[in-house]
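Dropping the structure in here first, questions after.
Chain nomenclature is as follows: A, B, C and D, assigned in order of appearance, with residue numbering initiated at 1 for each chain independently.
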Amino acid sequence: MSQGFFYPRTSTGRSSLLPAPPWFYSGDLLTVEYRTDPERVAALLPAPLELAPEDPGAVAFIWADWQSCSSSREELLDPIRSQYKEAFVVIRCSFEGRTYSRCAFIWVDKDFAMLRGIHQGYPKKLGSIHQTRPHALAQAAPQVATGGRFGATLAAGDRRLAEAVITLTEPSDTNGFVNGHPMAHHRVLPAIDSNGDAYAELVESGASDFEVGATYAATVDHFDLFQSPTEEIADLPVREIIGGYYRQVGVVWNGGRSLAALATDGPAETLAP
Amino acid sequence: MSQGFFYPRTSTGRSSLLPAPPWFYSGDLLTVEYRTDPERVAALLPAPLELAPEDPGAVAFIWADWQSCSSSREELLDPIRSQYKEAFVVIRCSFEGRTYSRCAFIWVDKDFAMLRGIHQGYPKKLGSIHQTRPHALAQAAPQVATGGRFGATLAAGDRRLAEAVITLTEPSDTNGFVNGHPMAHHRVLPAIDSNGDAYAELVESGASDFEVGATYAATVDHFDLFQSPTEEIADLPVREIIGGYYRQVGVVWNGGRSLAALATDGPAETLAP
Amino acid sequence: MSQGFFYPRTSTGRSSLLPAPPWFYSGDLLTVEYRTDPERVAALLPAPLELAPEDPGAVAFIWADWQSCSSSREELLDPIRSQYKEAFVVIRCSFEGRTYSRCAFIWVDKDFAMLRGIHQGYPKKLGSIHQTRPHALAQAAPQVATGGRFGATLAAGDRRLAEAVITLTEPSDTNGFVNGHPMAHHRVLPAIDSNGDAYAELVESGASDFEVGATYAATVDHFDLFQSPTEEIADLPVREIIGGYYRQVGVVWNGGRSLAALATDGPAETLAP
Amino acid sequence: MSQGFFYPRTSTGRSSLLPAPPWFYSGDLLTVEYRTDPERVAALLPAPLELAPEDPGAVAFIWADWQSCSSSREELLDPIRSQYKEAFVVIRCSFEGRTYSRCAFIWVDKDFAMLRGIHQGYPKKLGSIHQTRPHALAQAAPQVATGGRFGATLAAGDRRLAEAVITLTEPSDTNGFVNGHPMAHHRVLPAIDSNGDAYAELVESGASDFEVGATYAATVDHFDLFQSPTEEIADLPVREIIGGYYRQVGVVWNGGRSLAALATDGPAETLAP
């Protein structure tokens, strides 16, 4: 009997890179929301997804500094197994009359985070991600408070891809609106003979539990996206900054549900709900 | 229309982490073959696989120092995109009367290599892999020649997992026998609701073209596998060293074929060939 | 005119890896204090240093998760230039009747931290250092509060060298006593012809300003030092655990003073104070 | 008695990051030579150095992929301790009527290489360095032969700093001329009280033994230097490409000699030879 949630599977399951969900997260999110040309967002939405009806060109660029663990919490005491950072681009879309958030691009810095992405439909690559950390002592750190300044950078393939600087202005009830819906992601596995996909599915997922800590609105003092021959984020140019946010969160993720089985070489068929 | 062989897919396909096969490789392989207890190998063979009929406890521990590229060869000129190293454990198995090789555990050091593994059914994690490089000038390098000594190490999660030292003894026609068959791998995708697998398949793949360079047999001067709370390679203890090998190879990989659709919560059904 | 505090120096000083002091730090310290055999400590004390008169076998093993910057604070907004981690071994010694702390071994994970060590006399190597981070949301993090559990690990050369787990028990006025004195360090530069040292000096330094945040005493649930062919920390075996501590600090470092010019091939001569 | 060539020093010397010279190297060098404005080179020459009398604006940008070891050669069998890469900028200068090469900027990817730089006067930072590797099998590699194309890149601080592509044209007797002289480097140690230098010296060093392997001249198909807030290589703009080279070398380095004791806060005094 083979055990283990995902690769590698063995008779014990002990060496699986991923424990079974639920997965637990504590971390800080630094968000820049902006508007790009809606047709650029549309170009990132494969069938059966369509543009969101309102503010269709809105984008959220989010950095996150995470600690995560399984139900055993054992990863927290061997922290190379629990700490990771990520930077990701969120757009919105519409499916069967409902608005979803969707991760268009994402970089992480650990293998377990990358494999989680395969499961959740996040299109993960490895990157080098950094964001300023708040600290109780101010000698070399901002606080999560009005006036706190935070920087964030993303690189991959030895090229800097994005950078931001924000200054917190006042407490906020929200962390923006672009990443505020359930996520709609394509989960795919190309066919082993390279002839289309062996498996393709549209899934919905989101936090099964979500706790919000300190949240601030921020001015966006600096935000830049850079060209790279292997990336397309600079093809989502900034037409208008919407705003910046800083939020501390605690999250539980415990799976999602299938929205549609997608044809591997033709139009999608919608599953019965 | 969505393009890109694997994540992320966009309208251009430009940012896909993987180009479509064929994939091309040039590299050096350092192999240690040994025998462990056959029941330990059996414990790593999920249905419908069975132990190989001959020498069922044979294992190959292989280090590889690769450069790889797509048909465009553009990755070779931005070498952070083409160079990677890996270490992997190969066992053998039997399916429908035929003997296959099978990768039980594998570590790589780049994201594109990790995502290729998801496609090919290699159970990849990230690791830190090093092997001595030969060089034409001997001041700080062995040659691929009788008397050349090569070391190799593997670490993951900040723990050393394996290390070997071999000394080349004489030219050899083979690189051992454990990794000499087509590979039989499970390709799986857990269900998004965590209830079994959404997709599970047994595939066969191997090099579509394979060129052999210098090949030497070697004595195994040192070989050690270390305990780790997240790994199981030390559960394949060395009962007898079979031999060591060093080989330079050029490889083309261009997909494989499906051997069987596997039930996601029951016994496997064999596909019609 | 050449400018720049340390390498490289140019006409502008802009590319110097180190800005001139003062240097500012905010971070968290996880400390395990223990007793080893005093003769093992003595073996790490070169002339003119002698064993501390009281509790001469006391050792502090300290992990630190830092953010640091110069007076410009610009590094904080490009955080790859400000964040680093370190793990270090502190012993005590006596010089001219005064007790000093002394760093015997230290690993950091950034180049600017390594070069600072050359200036300050810390014998730095690169390592991989991790310690559990506290977070306001408890889903995947402890708090700096009674009951909080923190782990810490150190690796170098792809080998794990040390690991610890502590549980906070109660607020504390101190962070232990081993690292509580000014530091006495040898600053050396070997002669370019390999014949002894070109320069050798005993210096004293410490924080020019120091602010203490939350501080807790802790039980030491797990502490282990591992053998490595290139390290000697396992030669400071644990005879008795003294205690554990967790402390948040803000520090300013602004240089030190010379205690003695040391002979480069003979006994030390003491400078006039 | 304290032993160890450089930090850390202990009673055994076993954990010193550097063994005593001689140090042995085998590796491949990819060189781009070009002319910049001579006044930009002059700006990088502190007293007592002056511009070289002939072709004073010549610059060599060199990538190197090394394996190195001590006399024991033990590092070769634990290759994380012997393999490293570097990229460096070489200019020329004149001192007392003799022409020297001089490293203006350099990045390496290992701690032992960085500490060697402190000893040799190379102004080293950590970087991410990659260059295409030749391999006997051509599936994913060039050969060191006419027509072979090699790429090379440098990044630091998550920014790409330089990249080059060259195509080998014909065997060559030389590897260029800029890096062909003994090196003249400043070795400095800032004073612990930040008041000038505690030690400053001009040294000469070079290979004590040098073996040349395959050497080719090359066209420079692409060469670009990028801006960074922490670097100055883009201040050496390319006015004219001189040529490209690829060379395999074996080197022994066994110390150098002092050329001049430099005043730590005034003009240099020349040592008697």
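One rule holds for everything that comes next: contacts are C-beta pairs under 8 Å (C-beta built on N, C-alpha and C of every residue); 3 or more make two chains touch, one makes a residue touch a chain.
In this text the structure is predicted, and so the values were computed from the model without any measurement.
Where chain A touches chain B, over half of the residue numbers in use are shared by the two copies, so each contributes mostly the same positions. Centroid distances from chain C, each centroid being the mean of CA atoms, peak for B.
One finds 41 Å separating the Cα centroids of chain B and chain C. Annotation: 30 Å between the Cα-based centres of chain C and chain D.
Centres computed as Cα averages put chain A at a distance of 36 Å from chain C. Residue positions of chain A touching 2 or more other chains: 78, 80, 128, 130, 153, 158.
The part of chain C that touches chain A in the complex is made up of residues 24-28, 66-69, 73, 76-80, 82-83, 128, 130-133, 135-142, 149-153, 163, 165, 209, 211, 213-214, 248-252. Of all residues in chain A, those touching chain B in their complex are 1-2, 5-12, 14-15, 17, 20-21, 43-44, 46-47, 78, 80-81, 104-105, 110-111, 114-115, 117-126, 157-158, 186-190, 192-194, 198-199, 201, 203, 205, 229-232, 254-258. Here chain B touches chain C in the complex through residues 128, 130, 153, 155, 158-160, going by the rule given at the top.
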